[in-house]
Amino acid sequence: MAEALILAVKIAIATMFVLNLAGLLTWAERRQSAFIQDRLGPNRASVFGIRLIGLLHPVADGIKMIMKEDFIPAGADRVVHTIAPFIALFPAFVAYAVIPFGDRLPIFGYDVNLVVSDINIGLLFVVAVMSIAIFGIFLGGWASNNKWSLLGALRSAAQMISYEVTLGLTIIGILMVYESVRLDEIVRAQGDLLFGFIPKWGIVTQPIGFLLFFAAAMAESKRTPFDLPEGESEIVAGYFLEYSGMKFGMFFMGEFAEIVVIAGIIASLFLGGWQIPWVTTEMLLKAFPGWLVALIQIGVFSAKVVALCWLQLTIRWTLPRFRYDQLMRLGWKMLLPISLANIFVTGLVILLLQ
Amino acid sequence: MSMKTSLTFWERLYFPEIFRGIAITSRHFFKNLSNPLKNPVTIRYPEQKRFIHPRWRGRHRLMERNDGSPRCVACMCCATVCPARCISIMPGEHSDPAIMKYPVSFEIDLTRCIFCGYCVEACPVDAIRMDSGIVSVVGYDRDQLQFNKDRLLAKTP
Amino acid sequence: MADLTKELHTECMTLQMGPSHPAMHGTVKMIVDIDGEEIHSVKPEVGYLHRGFEKMCENSTYHQVIPFTDRLNYVSPFINNVGYAMAVEKLLGIEVPERCKYLRVLACEISRISDHLTCLGASGMELAAFSVLLYSIEAREWMWELVEALSGARLTTTWARIGGVAYDMPDGFERKAREELEKVKRLVEDMRGLLEKNRIFYDRMRGTGVLEANDCLAYGVTGPCLRAAGVYYDVRKAKPYLVYDRLDFEVPLGKSGDNYDKFVVRVLEIYQSIRIIEQALEQIPAGPIAVDDPKITLPPKQEVYTSIGALVHHFNIIVKGIRPPKGEAYFAVEGGNGELGFYVVSDGSDKPWKCRCRGPCFPIVQAVPKMLEGAMVADVVPTFGMVNMIGGEMDR
């Protein structure tokens, strides 16, 4: 009974984490882009005159999207058109099931592992689930019966397939270094010190892998510079051109949820997850009670996730977009060989160090 | 004058230039974040108004004599010179022989006006001006943008 | 097992890009036949913004045409004003005073900067680098501050007059102009930093939208697009008007005529324009701002109020208008996008018998199919952005 309760609390925390952060990101993106561009951004939505620096805009947007007409164009495949946004949104939430928020801690007498589902193929699960999201986009674009949407769908399919490969191959480097596919073990291993003073984070052991993974993950989330499926100035809005109301909202949320997921994965794989450099869980447990340690670790993890989200948003507002053939060339001719070389070099170094 | 337009090896690596771009955008971001009320160029409109230059051609107004009658002598110069043909004046005989003519009605159709300022330039008696500083000429229907003599003299809103 | 030797039957898909498409600023339609992502053929369809400028001119006095010219290239209205005024002045055979010439140069270069900034920002935005657009709009805002201070309107300036200009520089304009130009320089530096050497941008622009020198000349392309192809033709240098022959500036030239060269040419031209403005501010002499001819320019207001002679001249010009002698004149200035010419025919009355505007955009848009031969769908956007079509000027 107690375990079911703990699990329910963990699920609630993970879901709320993604949902709220994604909602906040819709606000953050507008405000941050505004500040980048010397503007102020939306700050007018108010309840009884209280503006809260524009934080009510996501709420107002949500209400607006629910109230709007749900439009299905003539000639569209009604069933697929309806299912597509759901398929696009749900992987982001599922992926968070295996991302650890903290260490295994004694909290109020229970031994709690701060991850929703501690499965032994965690990392593979993330990659597998993330790749489902493209079906939503592909089906949505195809079912809309619109030429622009079709172009967007085709682009997204090609793009996802190309970048999945790099994504998978860069993970292999991490697997070789930390010798596990379980995300919580990978994070725990990053608490060690290299040469006695450098934290053994993924970014230190796999710097090239970090850059490759970041690039490929941004391509997965379909944001500038990889927003070809959307490409609002070229193919108008691409795959979600014919969506309105909450279905559009789900694509929209899915995009931001994916930012959060990518930030979570990168934080776990390359930035030590909930680890604080040079401070181990044992040291924390000696000084603080278990629940406080859990809060500290969740806080550290959240800080890393938020920082990575900020970085992703900044990149989105800095760079121009690739062209289709250039994207393919980058994926297959540059990132793929480099990621293969990365595996080779990692293996060589591991062999030499033994 | 010719220019060098090829990339060096370093620039071809994507990342150095991406970091430079991020540095530029972040510089703007943190500069504006450090003082959000002062640094961004946004004008928070209803509370804060933009500086209107003294030459700004805003909504017209008719000038008055000391006794409150319009200065206009209905010479039709403005109506003649108007490229949009939006001024219509009905002249009338004035009781004072020194003035001779006065506008019985003076209407400007602001839905047609292109705010070129020719009427002001053409007026020989300084009766019409565009220095009211009114930027927003708005109305819920076309009739609200037909400005008659009283409204131009700011006697009725 | 399918027969792989057989060729798969495919068809081109026709896309109607525009008239309301995010990249088709200024209402134009491109009918694009695509084969996958590759373009098979492009047909620009123009005329959505046709307002009958030339016909309107025939029914207006010479003076009344000036506000219409604001609405041609609405991003750089000063240049249109000046171009038209100078065509009529050529017809009248008059020379404007020195100070007026400098003022016109000043205004034209302010407009050129705002025109180029719009083009660069819009093309950045169309390649999804949105911040660049906002930086350029911010810089353009500083330029428009100057435009407003000078002419009393931001867009519809109506500032030039036949035989002079309407207003002189206001007090403190010189200092203000220098301050704003510093801000513009800083923002242009940021824009360059974000785009110029960025490989993503470079790859998108380099080698796309190529229009080589002989094609440019065949189509009648002028302006930055022609100079990007390496042809040294700038009306300001080729047939110096106003005081351009006295000012020290250079004409940036590209080599290959692709989008990247067009981009760099425009960026460098902004710097040259800033140089011209700085020189003009230094050299500007004191004096009248319009010719002193009672048949052409309105007398000063104070005289109209007080002297009867001035009042009569005033009435004469207003009622009878300017009546150039019978004849015709063509005068070209360097607009934001190229040679902007006005061809005015007079039959001796107060209205032009014909007023033809040779806008630079129209020939360039005709060359768009040539630029997009063998390109991809995504190339339409930067190519069209670098053409910098201004609907008001092309469709007239």
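We just call them A, B and C in the order they show up, numbering each chain from 1.
Definition applied: a residue touches a chain if its C-beta (ideal position, glycine included) is under 8 Å from a C-beta of that chain, and two chains touch if they have at least 3 such contacts.
The structure presented is a predicted model; accordingly, all values stated were derived computationally and were not measured.
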| item | value |
| --- | --- |
| Identity of the chain that, by mean CA position, is farthest from chain A | B |
| Pair exhibiting more inter-chain C-beta contacts, A-B or B-C | B-C |
| Inter-chain centre distance, chain A versus chain C - centres from mean C-alpha coordinates, in Å | 45 |
| Gap in Å, rounded to a whole number, between the CA centres of chain B and chain A | 49 |
| Centre distance in Å when chain B and chain C are each reduced to the mean of their C-alpha atoms | 23 |
| Residues of chain B touching at least two other chains | 18, 21, 24-25, 28, 41 |
| Per-residue overlap in chain C, given as positions that touch at least 2 other chains | 131, 138, 194, 198, 200 |
| Residues of chain A touching at least two other chains | 36-39, 317-319 |
| Partner chain C, residues of chain B touching it in the complex | 1-3, 5, 7, 11-14, 17-18, 20-21, 24-25, 28, 41, 53-57, 75, 77, 80-81, 83-84, 114-118, 121-122, 124-126, 130 |
| Chain C residues touching chain A - in the complex, by the definition given at the top | 13, 15, 21-23, 36-37, 124-131, 134-135, 138, 194-195, 198, 200-201, 203-204, 376-381 |
| Contact set on chain A toward chain C in their complex | 33, 36-39, 147-148, 151, 154-155, 224-225, 227-228, 231-236, 317-326 |
| List of chain C residues in touch with chain B within their complex | 60-61, 63-68, 131, 138, 141, 148-153, 156, 158, 166-167, 170, 190, 193-194, 197-200, 202, 250-255, 260-261, 264, 268, 298, 301, 304-305, 311, 314-315, 318-319 |
| Residue numbers on chain A that touch chain B, as the complex places them | 32, 34-40, 211, 311, 314-315, 317-319 |
